[in-house]
Structure formats: C-alpha cells, structure tokens
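Chain IDs A, B, C and D follow the sequence of writing; residue 1 opens each chain.
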Amino acid sequence: MVIILKENPETSQLENLISWIKAQGVTPHITQGMHQTIMGLVGDTARIDIELLQQMEIVEAVRRVQEPFKNANRKFHPLDTVVKVKDAVIGGGGMAVIAGPCSVESEEQIITVARSVKTSGAKLLRGGAFKPRTSPYAFQGLREEGIRLLLEAKKDTGLPIVTEIMDLSQLDLFADVDVIQVGARNMQNFELLKQLGHTNKPILLKRGLANTYQELLMSAEYIMAFGNENVILCERGIRTFETYTRNTLDISAVPALKILSHLPVIIDPSHAAGMAKFVAPLSLAAVAAGADGLIIEVHNNPACAKCDGMQSLTMPDFDKLMKKINIMKEAQTACNAF
Amino acid sequence: MVIILKENPETSQLENLISWIKAQGVTPHITQGMHQTIMGLVGDTARIDIELLQQMEIVEAVRRVQEPFKNANRKFHPLDTVVKVKDAVIGGGGMAVIAGPCSVESEEQIITVARSVKTSGAKLLRGGAFKPRTSPYAFQGLREEGIRLLLEAKKDTGLPIVTEIMDLSQLDLFADVDVIQVGARNMQNFELLKQLGHTNKPILLKRGLANTYQELLMSAEYIMAFGNENVILCERGIRTFETYTRNTLDISAVPALKILSHLPVIIDPSHAAGMAKFVAPLSLAAVAAGADGLIIEVHNNPACAKCDGMQSLTMPDFDKLMKKINIMKEAQTACNAF
Amino acid sequence: MVIILKENPETSQLENLISWIKAQGVTPHITQGMHQTIMGLVGDTARIDIELLQQMEIVEAVRRVQEPFKNANRKFHPLDTVVKVKDAVIGGGGMAVIAGPCSVESEEQIITVARSVKTSGAKLLRGGAFKPRTSPYAFQGLREEGIRLLLEAKKDTGLPIVTEIMDLSQLDLFADVDVIQVGARNMQNFELLKQLGHTNKPILLKRGLANTYQELLMSAEYIMAFGNENVILCERGIRTFETYTRNTLDISAVPALKILSHLPVIIDPSHAAGMAKFVAPLSLAAVAAGADGLIIEVHNNPACAKCDGMQSLTMPDFDKLMKKINIMKEAQTACNAF
Amino acid sequence: MVIILKENPETSQLENLISWIKAQGVTPHITQGMHQTIMGLVGDTARIDIELLQQMEIVEAVRRVQEPFKNANRKFHPLDTVVKVKDAVIGGGGMAVIAGPCSVESEEQIITVARSVKTSGAKLLRGGAFKPRTSPYAFQGLREEGIRLLLEAKKDTGLPIVTEIMDLSQLDLFADVDVIQVGARNMQNFELLKQLGHTNKPILLKRGLANTYQELLMSAEYIMAFGNENVILCERGIRTFETYTRNTLDISAVPALKILSHLPVIIDPSHAAGMAKFVAPLSLAAVAAGADGLIIEVHNNPACAKCDGMQSLTMPDFDKLMKKINIMKEAQTACNAF
C-alpha cells in the first residue's frame, strides 16, 4: 500500500500517522520528494481500512498495491479451483454447459427440456423458480412449486440443478438444490452472501450490471470468508451506452478473472445480448477465450415462454450449438497445448 | 404501444397475433408500409407483456408509447405527492434536509451530531445501523444496537430518523424508524420492495448505480402496487467512466423525475462525489435545479469516522452550508415565481 | 417511421403536419388511441429529418422503423462486401491478419517486423506514422518519414500497408498507402470522412470509444455516400466503468454489425485490452465469433517501443498466435458448415 | 511518480531501471516490502513517459502522483485565468452568457436572434456555420456564408462571436471570429489543437462525450503548450446508460475542473439534456455550482430550426431565463461570501 501525503504535512500529524500505521502491525517507509512525500507500507496490509486512511487530513491519496481480496486471489492460491457437482466438473480446463428454460412453467415443460438438453450434452439443468422482474406486473415465477418441479426433473434425468435465490428467507427451500445462483441484481446483497458463506453448496455468482472485476471478487470473498469456497464466477453482460444489444458481453472477463483469481469462470450468452441469434457466436467466443462453462437458456417453445423467450434457443438449435461447442472446445484445447 | 412487424408476415401468423391482441382487451390498428407493417394498439396496454410480444416470430420490434408505471406516473396523478414525517414535509416546494453520520458509532456520537444538525436546521436525522460494505473485512455497522441508539437520539432531539434496511429479515427492528431507506445496491431487491409495500412507512428509495429513471420508477411501482404510496426518490450518483469523482451526480434526474412522476425527489451530494469539498457546490446545484430535499453526511470527527469520513462534513461546515442552502432556496423560489 | 403525437393535438397543427409529411413524398396513416394518436409513415423515409419532426409542438416522439443508413445497410445489399487489397482479401469468410508495430520507429525496425509477420502469415503490414497521443509531450510519430519507411517495407516484403491519417491535410502523403485507417478519435471527423469518400482507397474505420453501432455505420455511410464503398469496420474496445482493462472489447459487435451491414468486420485485440497477455484469448474469441480479420500490434522489442509497448506482442509470440488462429479458424469454418 | 515492481526482480534488471531513472534527472527512492518493492521518484517527473516504464519487464504498475498537465494545472498557476473577449469577461467570478441559434440560417434570422439575446443580457453570440452531423444526409451548415452572416450580426450588435471549427483547413475563415469553438467530437483532434495553439484567439474547448477531466485538461494542454493560454473549458454532457436525456450533464465537472485547473469553466445546458424544458433547471444548477458562464441555444422559431430545434429556447423564454440567472448568480455570490 502506498500513501501519498499532501504538500508540507505538519510534523505532529505526520507522527500521528506513523504511530497509527505501526499500530496496525505494518512498517512505513518514507520517500521525501520535492513536492510530495510518499509512504510505502510493508507487511500485511490486507485488513487496513483504506477509507480511514483517505480521510486523514495530511493524506492526499492512497493506492493499493495488493488486491483487497485474499481467499479469491490467485496469488495465494495458484492452482485452479475445480467445483464438482455430482458428475459435473466446473473449472480446470473442461467445458461444463448448464442449460434449461428461463423460468420453470410446468412439470411437462421442465422435464421435456431437461431430457432434451441432457441428450444434447448439457451437464446441469437450469430453471428459474423465483424470478426477478423489473415490473411488479410481470410473471414472478412459480416460486416454491418451481423448485419442486426442478427436483422432479432432476429425479427424472439425473441432472444436477441450478436455480436462483432472491432472498435469504428462501434458503430452506434450496436444501436439495445443487447449485444456488445469485443473480446480477443481488451481487452486492451482502446479507445474502454471508448466509451463503455458511452453506456448503456451490454458488454461481453473477457479475452485477455495473460492477467491476474487483467488486465481483470481493463478493466472492464475502462467501469464502464465511467458509464456503465453492464459488463459480459468471459474466453475463454489463451495462454500457450501446442499446442494440440488451447488455454488452465483456469477453475480457474470462482472461482477466483467471489472472486475478483461481475460481472457475463461466459465461451467460443468453442474457448478455438478449437475442437468440447472438447465443451461438457468443458461446463460441467464450469457449475460444477459455471459459470453463456456459449457462444457456433453452425452451421447448420460445415463442410462448413466460419470460425472456426472445433470448431462448429452441431444443434443436441447442443441440446444433452443442456440436459446435464441442468442435470449438477441441480447437481451444489444441491451442492451449502450444 | 406500437408493434413493428417483419417484412411479409405470413397471413396465419398475422391473424394469430391479431386474435391475441384482441384477447388482451385492446384494439390493433394496422398501417401497411412499403417495407413494413405497423400496428398501433389502442386501449389499456399497461399490463401487456412486452417481452412476450417481442419473441413472436413475425414481430421485429415493440415500442411502448406509454410508460410501464402507473401509480408513480404523473400523467395519472398530476399533483405533487407530499410525504409527511412528523413535522417534516418532503415534496411540494419545500426543502427538507436530512443530515447525520454515515454510520452510528456510539450514543455520544449520534446525540452530539443530532443536536448539532437540528440546531443548524436539519429536519430529519440520518445514520447507518446496517452498513453495506464492498469488503467483508470492513466495519459492518452496529446493526440492532445502532437502531437503538438512533431511537435515543430521536427521543433527545425530536428529529424523525432515517436509516437503511439491508434485508427483509430486519424489518421488525424498524418498527419505530420513521423513514426506511433502501440503498442503491438494493434498488432491485424485489422481495424487499414487496414487503415494504405492505408497511405504511415512508420509503426513501435510492437509485441504483446503473439504473435508469424508468427502472427507478418501476421499483417505486413495486412498493406502491402493494399499497404504500409514501415513496421518496433519491439520486445519489451513477457509475460512469469518470473516476475522479466516486460517482457522477446526474442532476438532470431532478427535472426528469419530476416530469415523469409526482413523487418527491431528493439528492445525496455526499455519496455522489465521495469528497467533502464537493458537498456544498452539489447541494446548491440541487436546490437550484428544484430538488425537494438533500441527504447529507455530517460527522463530529470526520477524520475518525468508521466509514465514508472522506465525504462527511464537520458540524461547523454543515452549519455554514445550511445558511447557503437557505439563501439558494429563497432564490430558487423567486425564480419559480416567474 | 412512427410519429407519436401529444394528447389532444390542435386540428390546425395536425393538418399542418399532414401537409408537411405529404410534401416529403410519403403517406401518413393515422391510428387514434384513447390517450394517444400514432402516425405511421409509408414511403421512402430515409431522408426525412427526424430532428425537425421531433421539435414540432404536437409531436411527442418519433421512432425510426428503418435504419438511417442506406449504402451500409444489409437490407439493401444482402451479399457480403469483400475488400481486396492486392493479394489480401478482407470479408466473405476468410481471416485476414494485419500486423506490425504501433509506430514506425526506424527502417531497420519496420523491415524486421514486416519480414517476420509476413513469414508468420500476416497479409497486411500496419505501422503508425502519425500518432494521436493524449499528451502533447509524448512521441508524435515520425510522420512523413514514417510513411516513407512503410513504403520501403512494402517494397521489401510485398505486403500492402495500413496506416492512420489524422487530418485531411495529410491526404497527399497517402497516395501509395494501400489502406487508410481512421482512428477511434476521428470516427466522427466528418470533414475527413467526406474527403475519404472521394478517394478510391480501402478505409479501415475504427469505432469510437463511445459510439454506437449505428453511429459507426453512419460514419461508414459518410464515406460511401461520396462514392467509396471499400469500408472495413473495426471494433477496438469501448469505454466503460471497468478500469482493469484499458477498454472493454465488445465482441457482440461482430454478429451485430454483420446483421446490420454487409461490410467486413475486424477486431483490434491489442487496443481493446491494452495488455499483451490478453491479445491471444481475445484474438481467438474474435475468430470464433466470426470476425473477418484482426489487426495486431507486433514489435521487435516491445520493452523499448516508443508507444503502446505494453500491448505489443513479440515476433515469436505473434508466430505462435498465428498457429492458434489457424486452428481456430478451421474450427469456426467447420461450425459454420452446420 | 510511484513504480511498483514485480515480485523478486532480477538484480541486473533492477540496476538497469535505476540507471534509466537517474538518466531522466530524477532520483529513485526504494521501499522493500515483503511481497513488493516500491520506488518513489523524486524530481521533475512530468515528462517521464509512463508507458515506457509500464512496459518494462520488472514493472508491475506505475502510478502518477502529479497530474500530467502543467500549463493547465492550478498547482502551478493558483490564480483563476480570466479570458477577455472585447467587453466580455469569462472567468474570475462573473457569469458570461453566450447565446444564439444552433446554426446560422439566414441574415434575418441571425440578426433577429443576436439583437434579442443582447437585449436580454447575453455577452457573446453563438451560431454554427460548420455543423457536425451524424448523418451525411442532414443539413451541414451554411459554412463560409454562415461565418459571413455571423460577422454581419457582430457588426450590427457589437456582440463578439463564437463559432465552431471542424477542420484546420477552415482556419483562415476564422480570422475575424472572436472565440473558436472545438466541438466534443474534435476534443482529441490533436492536429487541430496544435494549430489552435499557434493562434492567439480564445478557444472554447468542449469535453468529449466519453472523455475524462484529465483528458480534457490534456487537450487544453495541447493548445497551451504551443503558446495559446486563452482556453475556456466547457462541460456539455457525457454519454452514459441513461437514454431519457440525450446526454448526462456532469455538474461535478464545475468544482472538479476548478480544483484541478485555473481555466474558466462553462456549461452547455442545451446539448446536455437535448430538450428545451431542461435548459432552465440545468442553467440554474450550473450557476449555483459556480460555473463561469453558460452557452445556450436560442432560436427565433425553434419549431422550424434546421437543427437541434428540440433543445432551443424561444427568445421570450431566454429573456425570462436571463432574469432567473441573474437572481441565482446574486445568491451564489452571497453564498461565496461566507
């Protein structure tokens, strides 16, 4: 951590600052410039409150040298984390595809889609029971009943299930859910993250619409700091000035998050662009960039889907896409071998 | 609502669409262009699911003509909503200042600040008990004890209190809180919004970092649709590419939200820029633009504040600012008289 | 084009509007709603000035149904445009790689790099002679001399050359340049675009940092409207709130621009992230998404490059990347065959 | 300047770096941390090429302590710059209003508007002769003839004139123009900025749609580095995700630019929101925030304006606004006196 002081600090203030730093168990090294005094802190600075420092009168700026996340940091955990969910493996060089409808609508629907995506090669089944909708007048999901139907589909196909939690009061209903999804709008719902840290379930953590990589990793850190290390990061498009696509897929998130962290990184091409015709090119780009998996919306009848039908693939289109994903994954593995 | 069809739609699909539209109780009017067919829908289109339409094969695009919010819409409620909190009045041409520390730290601190801001002219006391922090290692607030201390300060000064809820499990603790704040990160925590709709308490709803005016008003709509009409909108800075300021205050939100809605609009100049020296110019700009109030962070000792000290005013600086706000409010009232 | 009128328009104003519309050679079709009157315009609306309409008192909003660009629009030119530059072919299903240093520094440097990238498989040579730099104190390029050196490298290797123009006064110097690049900062330098429309040279048009797809295509339209149809579109990263990468590569630009337009689309992975280690994953993602080419910075000694060394590949790293690009292109072609 | 080194740098590389730094005339001070070595540079670091440093193998990151602009920096020029244009004064505590039509359309139009805005209290006349338009099919301005008409209006009213240059080839036509405007799209047209640095005319430099304060000040630095110190900064709205307003006015630019620089700062409320009804509240907010001036679009007949009529005020509305601006300026002066 580097502290840049204001010009001509008062001696008493400078002494106070130095004492405070030493009390935190780290050592300050001072560089006296013509216009500026700079202090380098040596020691474990991860728990120093950067805001406290910034508000001191003699401090002009504070710059972190080390990232503020520890458990999620690749520097301290060089090896890839691999999350295992029954037979599915996410992370460590494979390609795990999660597929299913935006929302669970009926037993017939979810079982039809589950069987189909399994045949095509999906390793996990997704489906929304609790649906965050911008409008209070839109379909809010089947809720408790939706989870029951997902469990039926799991029993039928053997596919582990992934579904979104919207509030910690719902946690009991997720006892048999295999992977709990935290949606983009809840990425900084810190009370929820803490509780999920106390479970032992894999958490699929989606990046918020306007959150940085560091904030995403700090939210992962919330879960990990409370004991749960099974976190899967998911890039699903960020909000920019471009309005042709629903969001802007930040494909650089794949290499960036893999440099910064050891956690697996998957891509959601369906929400990223919000249009079915973009799902194939964005999926293939994600595979080529080195993603560990994909989460794709598939519906037995997109034109009648109760939500997000515009971005859902039909079952035959998903089947075709899986074949392309396999070709592309093979090429990516060959490239990696260099 | 206007529906733009793809070129050369099949007759059977067109007939299906027309039947579907009529079944929603609205009437389609068709305009046949050279390249394009356009359908204008006449009737109550507010509850038509725009996404369902968009995913139909023959539909190229759907454009709303009317806003999707009703209770929050000025078109249907031309008069300003005025929210009354004990003696304080928010909306309708006045200037209500809410002031207090970022977080409640001790009984002495909160009572000292409460007395001081009351003397300076604040009408409500703010103070964080539950604190959303990016890092799990940062101070998380005094929580339950923080609310108890706020109630002490209320008893001492008579000021109504405003404090943030982070999860609906905390709702019981807010029984004696006068205004419940929903923070920027929770603006789309729909489960929480629904519950707040069932209370009769004024809700201070902050705009999310990357949410549009329409999304903010849809979140207000969630609260109002469940019966609570006491919503105060708050602009607190949005996330942009500029990093010198913590966020970018969108001052146009004041006139924009007042055109779109009848709800009161206040500004948070402290979080908007994240630096104490910006609080005065941004507060004065907000008054001049016609805001109904301000929420300002004030601390008895900013350099030792447990969070956000960088953006907190000292008590004497707040006192000076209140005098300026009064001068500016008088000028704004004179301008309004034209 | 759809015009939405304000509630209860005056009859005289409505008649004026209808006359004006008919005078433009198009026919208005009126739909009378409960709250709103909607007018659909039938005919050639491409040259109707949307802003003029918007400012009429009785008009609430105007929505285009057709895109405002014509020459660049795939609707009117369904087949892919293929730009030929000597032996290189850009567009139509191939993969054209343009490589070379950020800036031309010396004859030895440019010839060394040119020979190396040719051997590795690049089809065109890039190199900056005129350099747009944020700071007036930074290296501004060798300018006229830089172009002379590029022509030497062209003579030596046979590779056609691509270099950036910064002002139309420089146009005479570009007589022997094969492809003229318009940089992101000049994407809306309309005087320059018009002049380039009068040349017959291929133009590599980079998307501006904060410009939409539609604005990029309108800038292409400037060039094409004046007679030059050889435009290559280039996505090079947009500006967002994320600061870890220099810019955010918008990979969806590849499918989006290909839907909207028939022009070839290439990706600049070097500027997109601003770091050499991102160039390989982003290049492979671009190939997988269906880009027609790549423009990559390669330097004989990145650590001593006069600008942008951080994002330049070494010659051996570029050679390795070309092998991966070839593998990935083969996979993408196989996927396309489905 | 602070250099953060990678872990365990090689001794020879470290020695090379130290020699290089000393050769730049500055002194390195080294702080050895547990994980990290930090180097503080003492001396005149303004001309050190930060990119060159960043690309060295042993360097992890470089952080500037001082801003990279010098001539525009308040640290080196504590007193406000005041730009004088005939009788008008911009900067130093006054309020200079520039008004006029978006584009010059006819002699009658420009003289009518000029006389009217002068009577209302405007100190300078604006009017576009060269118009940057997104579409090649839109009205491009009267160009040379437009400047002739502006000079007629100047002769008639005595108001100094402000008009936009789009390319340096037009410079000769600006001989009698009082203030040359550089538009948002040309803020980083560095060839143009350099030439303007060689004139002695006041330059009104608009902030680009997606440019930071620092980039704006670096563009001012381009003009100033070549000898012209008469630069007026103008905030005119930035591009964000919000689409209700045309752009988002960044009101914090006023205090921010005044902290960073000594140059005058004005606000363009017309382009910021793109709607006439926002001009008054945004103008008053700008005055309250401490802006040195405003540039406002006024038209004798907005509904027939050839461009941007939606955001133009009528002459009576401008007259009313000037009265409000005067009231608000008086209040702001009173606030400043504290």
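Quick notes on this one:
In the analysis below, a residue touches a chain if its C-beta (ideal position, glycine included) is under 8 Å from a C-beta of that chain, and two chains touch if they have at least 3 such contacts.
Predicted model, so just to flag it, every value in this text is computed and none were measured.
The chains touching subunit C as well as subunit D are A, B.
Of the two chain pairs considered here, A-D and A-B, the higher C-beta contact count falls to A-B. Comparing the CA-atom centres of all chains against that of subunit A, the greatest distance is found for D.
Distance between subunit B and subunit D, defined via averaged C-alpha coordinates, is recorded as 31 Å. Chain geometry summary: the mean Cα position of subunit A and that of subunit D are 39 Å apart. Each chain gets a centre from the mean of its Cα atoms; for subunit A and subunit B, those two points are 27 Å apart. Looking at subunit C, one finds that residues 210, 239-241, 243 touch two or more other chains.
Residue ranges of subunit A in contact with subunit B, taken from their complex: 46-47, 49, 51-52, 54-57, 68, 130, 132-140, 166-169, 185-186, 188-192, 194, 208-210, 215, 218, 221-222, 225-226, 239, 302-303, 305-310, 312. On the subunit B side of its complex with subunit D, the touching residues are 210, 212-214, 238, 240-245, 248-252, 254-256, 259-260, 272-273, 277-278, 281-282, 284-290, 320, 323-324, 327-328, 330-332, 334-335, 338. Residues of subunit C touching subunit B in their complex: 2, 4, 29, 31-36, 38, 40-44, 61, 63, 65-66, 210, 239-241, 243.
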